[in-house]
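For reference, the structures are reproduced in the following blocks.
What follows is a pair of complexes built around chain A, which joins chain B in one and chain C in the other.
Right after this comes the complex of A and B.
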């Protein structure tokens, strides 16, 4: 397994490099360093000298990929791409364009993002799997029919509607929790309840339908019939056998998401005023802060790769037949 | 059966737990939706919101509205605006008095105050600050028994465990001295800082440009993060007279300079603070002046988390200031003089929470968790009622809550500018002028304000907004090119007049009189979203009234700016907010010597009319008050008449700001120029607590309904399960 892991990690390097190059190219196709300088320096009284000074101070006065004026390895190293991207592989994300340390920002924002994303994920998974198993149990009955109708209706509604509707009903009309905001420590719970509840409810429709499909496929298998023939209760059949055998497709969709929970949610964080990484990314895009965008894309890629590796590893736990060679 | 029980328990447990928790919380007390810690209840704290995170809190760089909300409460430049008087009046902040310029000729002889501008080689301002003003407590001022700074040789290792300013165990203070102001003015030229006014000020302050060059050279010799001690570099035009007095010398005459002395750019920054923040390892922890400002103002920033919350607390060393006892007529009746002579500030703390979205912001205001709020377009109808005559009043819902409304016309102008270098719409030929006049008539600004701004603006007749010297109301201020004066009111000229002008311009019915080609005008703008689209559709219809085709070229802000710089636009949409309340700050936008294409200036229309330039040159060097005020006014009127005739802009509107305040918030007056307003605000804490409780009683029955619904779903499932388990095989 170790060899497998090393191999996967080595594969990751060219992928990350590729992601970096693409991000870099895309960003600078639409944004020149002059544009970035203007964005940072504001609208009023910005002189060409100020723009040049800003670029020089941050190293944006160099060529993008190849420095023809340099010699030796400096042809590649004395460029914006190398100076801005190479250090990320060593975990140094540098400073945002406004001068603030990106690693510190990420560290401080990770907590709020996880405070929302993790419970939403765990509770959501429990609720949707349970609901899907219930629909599977009552398959072809009126409960199943109306359950699926409900799921289709729920997945047809925009996520934004859940957020605004939830805020309107639970916070504005019923005054049960704050409408938005975030507090550290013990105060965090009252800000977390509503986004988590909305996150869980908005995910029920699509996830339940997906899991139900998987369970229905499993429930007609021979081993299920055998389990029933042994006299096991239907619940035992569902939870001990069907669920366990349906784990591979479930894990494929679920484990890969776990590392990405760190990245937060763009929409939820924005509407609930959660100072997480999702809103950090959105702010950076709006402010054309390449340093932050680059760092977030890089971290997202790393986490996605980690998620894929974890997914592969998780298969060995649920299916002993799978071995890595 | 055990399996059933297990299943039901598994299904119900998390839900019941959650609901029980909610019940428990709701039952604990009212105001479950209070977003603030319980410990803050009943405290003298003002609650407000901000939308965009401030980028800079260093006074040398900070220039935007989002930032000045904070910096103006912390830093104290020598001057400030009187809170109540209108027109805006400069008064001392830390200075003894508002400085008066002395003028000198090239030989160094002093000239009288009314000397001709051509003879004035230097203006000299002596600014004397009041002794005894002290800085907020800060570790940069902490000294040991020998009087040496406690934190003088920090590095990354010694900073272990320190993540914010409050983590430093020692703090100190010291008296404000003239050297601190001098140090900050030198910082305008700092090569590693980007002061937006450096370029402009280096043309005014003697020696500032040269200092910039010297500092740049000096910085090259040093490591990029080494401290640049500005005391080592003299600045010819800014000198220390004594411990409390400093002198600023300017090239020529610049009567608008005192306005700059009311901005944070000219606030004091002590040398030891600059040195403190320059130590190794500080910037990596965001311990910078840009993040933790240091000042003498009424408040100090104790928490800077621009992602969620920023907190200003009363500066225990604030030098003391009292609430004003005079204002403009009507202030006394409005209760704005009730706190006359009382010490400032009134509040102990101000908590600013970040609200990116308008809906949560508005609802929190209605729940009493923000003390004041603006009105977004979405909430406008809920908050404000517009009468038939355009009169504005609050809705019954707002009145029932005791909310009060403040309105004011902002010192801003929005306009569509013609590129005067364009061969079709530009130039000063009679035909081009008539074409622009025709378009000025066709675009119905009153309709725009009514449809898209809920009436929150007034149509502009010149670049000058109300409240600025030179703005004229009534018939005197009418733009005769666009409006007729009928029955004591301006009436937009009929579209036929515009058509006639268009024909005289060589474009009858929107077609070239010679070639028959249709007239196509390109509008460059920054836009996006549905709202913008509907505006642009409306604008297209305005041009279509004259059979002119409008092509909208929407682009991002940077592309737009680039096009302006290159003169690659025909018609563009822009706005301008005043830096200071002087007509020069608006009329310079059309100064021919400051053309965007020629010199990268602020005259984006590249308008160059020598007659206007002469008038502007005379006007900008005059004071509005004093014996030459009337002369200045006459020059402004002449200049505006020229602008109205030449029509380099389609004058748009001056926006009105509408803000709402709760009944417990006192001493609020609209001010769009002075920003250090927090110290004047007073809160009736008991009333706020009572009303908040009244408005935020939790509603519990939905929880019960949710529980019943859950049971209604689970119970049939459980019964169905039991029936199946007990049923015979089929």
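Right after this comes the complex of A and C.
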């Protein structure tokens, strides 16, 4: 088990390195730091001196890979690649355009992101799996048919409209909860409840349909027929046999996203004004803050790889036959 | 010439795709296995109804993909000329000048909608603007009077003259006329279908009519006719009313919302279709290569797509789009017109979306190829010494096509939805390009107004929903027909 984990982590390294190279190429080779400086400074203030100053302030004035002017190990460390990309492995993300430390910003913004994303994920999973089980229970009936039609209709609506519609109905018409904002402590619930509700509803369509397909595939297997033949009720068959055996395909899709919950949701957070990582990313994109975008890309891929490893681990819990070797 | 044709890159690609789809359809009809699969799609009622609706969208998109620059009136001398074409002045005439504005055939058809702009917001079918303004008028004594009132629109309902109270009656009358016309057109269409069916199957008209509606024909004519009827019922009244009113109101700069919605269709289609031009070659080539040759080729390709897919999609797109923006902003000399710049940005977005989304299909194709290459007939072909390329071309690719087709239609709707979200985040299409995303983004700002400006949002919602729902339903029908696991059991 431990050996397996170590190997997986080692395997993750080249992938992270690849991610790093891709982002580095995108941010520093396709466009030179000069281009970025011109973009940030605006048309009016572009002078060669201003560009040089901008680059020097942010450490973009170094050579890309090899610093021939330096000596010793500084040949490699005193370069853009090392200071901007390689140092990310050590958790050093540098500073944003406004001068704040990105790493600290990220840790302080994780809380609000999780406060929205975690309940959305858990409730959403419960709701969609139970809906899918219900549709499977009533399969080939009118309920099933119209349920699927409803799912297809719901997944055809853009996520933007769920948010806009929900805010309009619940906050503006009925004035049940504030339209946006976030508060610390126990007061947070009234800010959290609407985004969570909308997040759950907007996910129902596609997830329910997906789980229903998985369940229907299981239900035509022989062991299900055997379970029925020995006199189990249909509900017992569904919960004790079908649900358990469908765990592997469900986990494959679900566990990967758990670590990514830290990143928050771009749309939800920006609409509801929640000071999480999602809105941080969106602000960075709008302000064209390249350092923050680079940091978020790196963290996102780290979390994704953690998710992949967790997925493999979770298989052993639901299927004892799976062993690592 | 009265106009100068402009060929945008996305136009070329859209028409290329159109032709390719035609050729592919013709080829696949010659293959008996494929023909039965397509026939299964043809029998699916929901599939054919949505295909009819999609066809209308595609038609709008294609009309919007023929661009030109209209010739400017030259009486005012050459001052109006923004871009003179050399060579024509040799005949002694002043050189022909063409507008900088790039128009499409759809714009030409919709000229009344495009040009009749109001000052700012107005409600659907309104005759007066949405916000009060101070209006100066002279009273009977000739005194200048200032009143605050809703100003009359410049174009909406102008034919009513002073009789604004007659608006409802006028609308009702036009609606009735449109309905009558729609029903008439539908009957003509239905009768023509029945006549054609009767001719082809050599039976009486009455019998053909019965077959259409009783699900007995091997093509879901009833669904097609029903969908066509629905389209007529919506399109004709809209068209009749749009001549004199702003059916969906106007937006902040007074542009007709119906016009914007129709223009958005092309953007959505380009995003949904052109992106596949990038994903398909990448995922088919790499997926088959990895699955067939295994070994280090497989390792390398797997590494490539794991790395790419480990970057969260939105962030990778954001990073790439930001960089592209810098590139475009720093090279303004590349583009002759704003339309060309917006068009290139749209294509770049398609390219970026394609590069970030080929991994899923590639993984599927790799897995399927791994399975296929162990089958006896392929082993036999290898034993006979058939070249690898030939095996891939003749035996593997045709057996992967169903996965490709299913992925293609399934991806379309998600790409259309993604465009809206990306444009909202600010990394979508050019802000000057009309798309569902930019419409929603602009309308969102106005939700806080009291009373609310809801019509742009509602119109974008309805049209986008119709497009995506139709695509989803067609995708389901295609999947049911092509997926051997499902098609076998049905």
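Note that in this section the second predicted complex is superposed on the first by the 295 of 325 C-alpha atoms of A that agree within 3 Å, B and C clash if a C-alpha of one lies under 4 Å from a C-alpha of the other, contacts with A are read in each partner's own complex, and residues count from 1 in each chain.
Throughout what follows, a residue touches a chain if its C-beta (ideal position, glycine included) is under 8 Å from a C-beta of that chain, and two chains touch if they have at least 3 such contacts.
All values reported here derive from a predicted model rather than from experimental measurement.
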Message: Which partner chains sit in contact with A:300 here, chain B, chain C, both or neither? Use first/second/both/neither.
response: second
Which partner does A:164 contact after superposing on A: first (chain B), second (chain C), both, neither?
both
If you stack the two complexes on chain A, which partner ends up touching A:263: first (chain B), second (chain C), both, or neither? second
Between chain B and chain C, the one with more contact residues on chain A is chain B
Touched partner set for A:71, first chain B, second chain C, both or neither: neither
**Message:** Between chain B and chain C, whom does A:182 touch in the aligned arrangement: first, second, both, or neither?
**Reply:** first
Which partner chains sit in contact with A:39 here, chain B, chain C, both or neither? Use first/second/both/neither. both
Note: overlapping chain A surface for chain B and chain C spans 30-31, 35, 38-39, 164, 167, 270, 288
As the complex stands, chain A meets chain C at residues 14-15, 18-19, 22-23, 26-27, 30-31, 35-36, 38-39, 152-153, 155-161, 164, 167-168, 260, 263, 266-267, 270, 281-282, 285-286, 288, 290, 293-294, 296-297, 300-301, 304-305, 308
Chain A residues touching chain B in their complex are 30-32, 34-35, 38-42, 44-50, 53-54, 57, 95, 98-101, 104, 108-109, 112, 123, 126-127, 130, 134, 137-138, 141, 143, 164, 167, 169, 171-183, 187, 190-191, 193, 197, 233-236, 270-275, 279-280, 283, 287-288
The answer for chain B against chain A in the complex is residues 3-4, 6-7, 10-11, 14, 18, 22, 25-26, 31-35, 37, 53, 55-56, 63-64, 191-192, 194, 196-200, 283-286, 288, 290-291, 305, 307-308, 353-357, 359-360, 363-364, 366-367, 369, 556-558, 561-562, 579, 600, 602, 696-700, 702-703, 716-717, 720-721, 724-725
Within the complex, chain A is touched by chain C residues 303-304, 306-312, 314-316, 318-320, 322-323, 325-327, 329-330, 413, 417, 420-421, 424-427, 436, 440, 444, 447, 452, 457, 461, 464-465, 468-469, 472-473, 476
